[in-house]
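The structure under discussion is supplied below as structure tokens; questions concerning it will follow.
Chain lettering (A, B, C and D) follows the sequence in which the chains are written, and residue indices restart at 1 in each chain.
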Amino acid sequence: MTRDRVRDLRRRIYLILEQGGVGDGASRLVDRLLMAVIVVNLVAVALESVPEYSERYGVVFGLIEDVSLVIFTVEYVLRLWAAPEHLPYHRLGATRARVRYALSAAGLVDLIAVLPFWFAFLVPSELRVLQVFRMVRFFKIARYSPAMRSLLDVLYRERRALIGCVVITLGTAVVAAAAMHLAEARVQPDKLGTIPQALWWAIVTLGTIGYGDVVPITVAGKIIATVTIFLGLIMMALPVGIIATAFADEIHRRNFIVTWGMIARVPLFTELDAGEIADIMELLRAEVVETGDIIVRAGDPAHSMYFIAAGEVEVVVRKEHLRLGVGQFFGEVAVLRRSRRSATATALTRTNLLVLDAQDLHALMERDPRVAARIKDVVEKRVGHEIIGAKGDLVTEEIKRHEGNIEPAKK
Amino acid sequence: MTRDRVRDLRRRIYLILEQGGVGDGASRLVDRLLMAVIVVNLVAVALESVPEYSERYGVVFGLIEDVSLVIFTVEYVLRLWAAPEHLPYHRLGATRARVRYALSAAGLVDLIAVLPFWFAFLVPSELRVLQVFRMVRFFKIARYSPAMRSLLDVLYRERRALIGCVVITLGTAVVAAAAMHLAEARVQPDKLGTIPQALWWAIVTLGTIGYGDVVPITVAGKIIATVTIFLGLIMMALPVGIIATAFADEIHRRNFIVTWGMIARVPLFTELDAGEIADIMELLRAEVVETGDIIVRAGDPAHSMYFIAAGEVEVVVRKEHLRLGVGQFFGEVAVLRRSRRSATATALTRTNLLVLDAQDLHALMERDPRVAARIKDVVEKRVGHEIIGAKGDLVTEEIKRHEGNIEPAKK
Amino acid sequence: MTRDRVRDLRRRIYLILEQGGVGDGASRLVDRLLMAVIVVNLVAVALESVPEYSERYGVVFGLIEDVSLVIFTVEYVLRLWAAPEHLPYHRLGATRARVRYALSAAGLVDLIAVLPFWFAFLVPSELRVLQVFRMVRFFKIARYSPAMRSLLDVLYRERRALIGCVVITLGTAVVAAAAMHLAEARVQPDKLGTIPQALWWAIVTLGTIGYGDVVPITVAGKIIATVTIFLGLIMMALPVGIIATAFADEIHRRNFIVTWGMIARVPLFTELDAGEIADIMELLRAEVVETGDIIVRAGDPAHSMYFIAAGEVEVVVRKEHLRLGVGQFFGEVAVLRRSRRSATATALTRTNLLVLDAQDLHALMERDPRVAARIKDVVEKRVGHEIIGAKGDLVTEEIKRHEGNIEPAKK
Amino acid sequence: MTRDRVRDLRRRIYLILEQGGVGDGASRLVDRLLMAVIVVNLVAVALESVPEYSERYGVVFGLIEDVSLVIFTVEYVLRLWAAPEHLPYHRLGATRARVRYALSAAGLVDLIAVLPFWFAFLVPSELRVLQVFRMVRFFKIARYSPAMRSLLDVLYRERRALIGCVVITLGTAVVAAAAMHLAEARVQPDKLGTIPQALWWAIVTLGTIGYGDVVPITVAGKIIATVTIFLGLIMMALPVGIIATAFADEIHRRNFIVTWGMIARVPLFTELDAGEIADIMELLRAEVVETGDIIVRAGDPAHSMYFIAAGEVEVVVRKEHLRLGVGQFFGEVAVLRRSRRSATATALTRTNLLVLDAQDLHALMERDPRVAARIKDVVEKRVGHEIIGAKGDLVTEEIKRHEGNIEPAKK
């Protein structure tokens, strides 16, 4: 096998494992298979702990575990091997990329999902501890669901504030426990006789759980409990407030407002007057893509064209790599030709895009003949160029030059 | 009965059942009647489960059930028949419209509210299962209350994120259960002896319920419970954050800001200078209407005129259908004449409207004679045209032409 | 007593009872006294229910109740009498104003706080029911605290959505109860034998209370409970989301952004160029005042001047009533003279104000001599006018004329 | 020791204790040491309450307490001595600055953390009360964590609204308790026989705790409980709403939007046209710093330059104090020279800064030669000036003059 074919294979495996691609059947199949393995695994662990099932179906459970372990191990090894394909690691060497993956949160979960069980093969150890590790496999599921990943992202991004909440709550619990211990240690020595015991009560109360196993019985204790309950309600508001704000912020960032400034910086639109810009503004939708996100994928149907308002995008068309920057656009040829994407575009940095949907592009061109003329003018040149040159639905070096000068380069 | 009369009847039934019209007495009466039937039904089911009431008033309960069943069945059949009148289904054929209704969430609830009971007539089945289905009838109530419908809309729109929360919480519960099982299986074998049992504890704790039927008693168990409680508090913040953000988003979208750009696109205002536009901006209120919403209804009193900032509106005046687009306005003649609406306007797409209230229109015309002259000029032409032509309080083809050119077409 | 003196007295009593005035010692004293009476009252009712205290201090409790009843009755009668002084009722006749107060939420609480006890004097009735009514007096406390009033306002404004939440939760409870009844009626007939009993479990669970008096014991029951718990967590997010959004909305409305449009409409600033307007914008703070709110009160120290961006303000200076509208300003003379307010200004409608603080006015005039010259020019004319005419720190008819024309009226 | 050296020492101690400086190793070490002492202390107090540990390790616990007490006392005395170095107290005399610190919330916590124990030395008192005070030491931890301090800030800023929530909840609890007492006093006289007992139930229910020690058993009681549960859910939404809004507001204030107005007021940019301003806007990041915050510290690496959009900044370079105001900038020389900061800049008021990161400054100068020329022009003059004069990376009087006139002063 030549080096190139190895590389292609590595890229293929990376795409199948990492990117839940829209049009990629193999990737979707693998994702679903792995999710199924995880769920079967978890159910098996849970049922295995019931003695009667464990006795009757012990063999089945053992088989499930062995098969899962092999699958997850293969998955881990493949991910480790393909790590250099991960875009943010692109500039690192292959080894450093793999170390980075191995030390990332996802990589550690993947490792914990397999390592302890290989140990258990060598050193016979207590089964129960292993069960907890086996349950950790559940968190692998977050990989395959964008919704869940974004929820965990929010928690991760706000981890500092959330840990702050936990510390404040713990501190309040400690003070409440000392006070309650002072009030009821003599009345309920078995339940509140020591501060650690009272701490259990305080945490159960501040968390608004209220199991009812420890309850104050004196008036002083009830007053302390009342204060603790109110503090608990206020404390509970902190994480909620933090997360609600984080979500609002997230959504705000995603749906950032298309501003005149942005449109004015797209060369195609600079000559429009205020009324025409207002027209365009109505039609454009803003989108933020994170580093490494794929914007369009070769072979997908084309629904819209994109203008770069901020950031950089890498376009790969037939092994050629192009970098597009602020003010450049891509994806319009496939829209106008009503064909499929012929290239893949990936964000190299956090990128603000202005998206123009296919029907809006047509509507815009119908409604305003001057705008249409200008767009057609550019597209004609680009398509002309394409027939001669790169043949992608993409801005090429030619076009870049065209946009830099007002006068397009003669051919 | 001619075909037209059948159609009119179908339309009438649709309006009575679906649209809680402001001025429509019949529709309101039917809505309230159906709500009353639902509430009586629920109370009857609940009381019937008490043996002594069941024995004593069994006949009454049976009667209530039979009458309700007939009413709900008739309602379902009528809704099915009238489905093609539903605006978003307008372009579909009658049969496809009915299938779409039958498969919609509302249609399924309507079906479940009646189907099992007709089955029960044929195949005698266990009563208790039917009770649960009968309770589902409660959700029919959401149809008749816009507030409740909008709450359920928010839940539905965020369903993906909310399911994500549930899955994350379940996953955390599974890990917490395995850990707790590890810690206390030997101490409390009857309560935490298996992972499924421990899962019950974990869910009750993560949900901050804390029934107190299963409580950890060892130090290790209490530490695991403390971590679980804190995770529960953080997890609980996720759905709250999602929904709070969704509400804020919803309100933000409804009360979107009137911008200079919007006003500048209304032909009536293009010639105003900045100061005059600032004046108008103060007076205009923004409103978003969803596809299929009725904006004004013929016969209603006229409180305001409307400018279309985005989207399309269909106006039906004496069987004529007109489509109005961005920059056009309607509803001003009835306001200036202080008469009732002579036409019904429905949003064909999600439409952004700028609303000018009657008193503000008068105030504006009083305060600024130049603006008044311009508005009067347009209205005079429109009213003159109306006397000759369409006689509605609406922009007609004539007016459209007038607005396209600066010079109105001579007559 | 002449009619005027009665009117003055009525006004005085209204101000003492209703407006927690900043500089009004009598009003503050009365407010605190009434709050003290309420708190003493509540504590007395609570302690009276303990048999041993009731026996020992019965006479004291009786005395507290009698004195409170007289105080609250006098308060109610005075409020009823002074109701026509309430600004939003100004245009109604005296009788209609009183009826409006009597039927308002505050009026009803005031009535319920006294009426049942006068009845109890006539018809001897059961003491316990009266206790509940006596507790209602607590809600009178909201009157004397702006913070609490604004919290209750938010709840009141969102009452429709909140009732929607309650209905949805009740509906979910009803379905959950029917399902749980189906699952466990045979296992726990004493606790879940009827649907109303199961409803108690469902509500305690959906409210995340979890008393633990009814707990499912079968696997089916626990699965139903798990679903109910998750629904409860999601349902709980609804009111939180509604109220968080309402607060954000409230704050957004209060701190609305000072826009160029607003400044451009203040005649004093129309001649400024963009740079100067940017300067002013930094200094102006926006404030929204509700109908009937007092903006400045005669005798208070003067910290800022006000521009009206929207709405109308009534100024009372030495019994003269002036109405100021959009673009006019007031309160600047007292700031420049560093004297106390000589007039009281009240919002006639919901009014958007632009506030310029004293130090910023001085800073602005120091920094930019052109702006200073213009402001001094206007103020000189106003002060000159005042010496001849109205002598208040207010825009007078003269000034209004001045601002209407670009050229000031010659003197 | 001369006076100056005492002052320098005081300043050093202040910086070590108060400012968690980025580059200051000593400060970080002291912070971590104090945090460790606090945590050890708390754990010791908790374990000491367990009789068996107390007996066995009594001497260790005593030692820990004595050492901690000495450390905290020294800390308190040093903080008191160094208080005049606190910037907001700068203009007060030394004694008044110390009194202000002693009466601040942080100062009181510091005092309570030591005072009771010195008392206990003199007057032998009950150990248990002291334990609670010892737990208060926990709150000293907030000093060393910016995240926790900002959480407590939010709670403190919203204290009025939160107290309002507590009062409303207490009021609702009182009414619910009276109602429940009325319903169940006869059925459960031992648990709900008096209103104070019923109040305990009401608070436990409204706080969604639900210990289960008091549970209604009659139908009337359960209905009252249901209403109370729903009120509790709504009440719980209030603090969450308040805090979520406060967070959103906080973040909004910190990430305020960079506006054209701000950029237009920076003299360096006034000559740019709209397109160039749009370019700059993309690159500038907004930052709000509070009074007394240190923006750059001499000796730190230089990552960005700063423009003052609002507020005032004091710059200390070699004992010289300079004040910079709106429109001025600082920190650019070190960025362009890629050297370390030679001065410390502190915010004298709440200051809005526009931050331009080093790489963006270079990128901007590369991309747009005209902008680069202008910036280089200014910097050259400044650096030239610096070689002759102040030698800091700061705007000096010379530069201020330069920015006032369009033409720079000749040299």
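Operating definition for what follows: a residue touches a chain if its C-beta (ideal position, glycine included) is under 8 Å from a C-beta of that chain, and two chains touch if they have at least 3 such contacts.
These figures come from a predicted structure and were not determined experimentally.
Chemist: If we define chain centres by averaging CA atoms, which chain lands farthest from subunit D? Would you check?
Modeler: With centres defined by C-alpha atoms, farthest from subunit D sits B.
Chemist: Same residues or different residues: which describes how subunit B and subunit C meet, taking over half shared numbers as same?
Modeler: Different; most numbers are used by only one of subunit B and subunit C.
Chemist: Compare the contact pairs of A-B with those of each option in B-D, A-D or A-C, and report the one where over half match by residue number.
Modeler: The A-B interface is reproduced by A-D.
Chemist: With contacts defined as at the top, give the pair, B-D or C-D, that has more of them.
Modeler: C-D
Chemist: Quote the value, from 0 to 180 degrees and to the nearest 5, of the angle by which the CA atoms of subunit A must be rotated to coincide with those of subunit D.
Modeler: 90
Chemist: Using the average of all C-alpha atoms in each chain as its centre, how far is it in Å between subunit C and subunit D?
Modeler: The mean C-alpha positions of subunit C and subunit D differ by 31 Å.
Chemist: Suppose each chain is reduced to the average of its Cα coordinates; what separation in Å results between subunit B and subunit D?
Modeler: The answer is 44 Å.
Chemist: For subunit D, write out the residues touching at least two other chains, lowest number first.
Modeler: 165, 196, 208-212, 236, 240, 242, 244-245, 248, in rising order.
Chemist: Provide the residue numbers of subunit B that touch subunit D in the complex, in ascending order.
Modeler: Going through subunit B, the ones touching subunit D are 208-212, 240, 244.
Chemist: For subunit C, which residues are in contact with subunit B within the complex?
Modeler: 160-161, 163-165, 167-168, 171, 174-175, 177-179, 181-182, 185, 193-196, 199, 205, 208-212, 215, 219, 222, 225-226, 229-230, 232-234, 236-238, 240-242, 244-245, 248-249, 261-262, 264-265, 270, 310, 326
Chemist: What does subunit D use to touch subunit A in their complex?
Modeler: Residues in contact with subunit A: 42, 45-51, 128-129, 131-132, 134-136, 138-139, 141-142, 145, 147-148, 150-152, 154-155, 162, 165-166, 169, 196, 200, 203-204, 207-213, 236, 239-240, 242-248, 251, 274-275, 277-279, 281-282.
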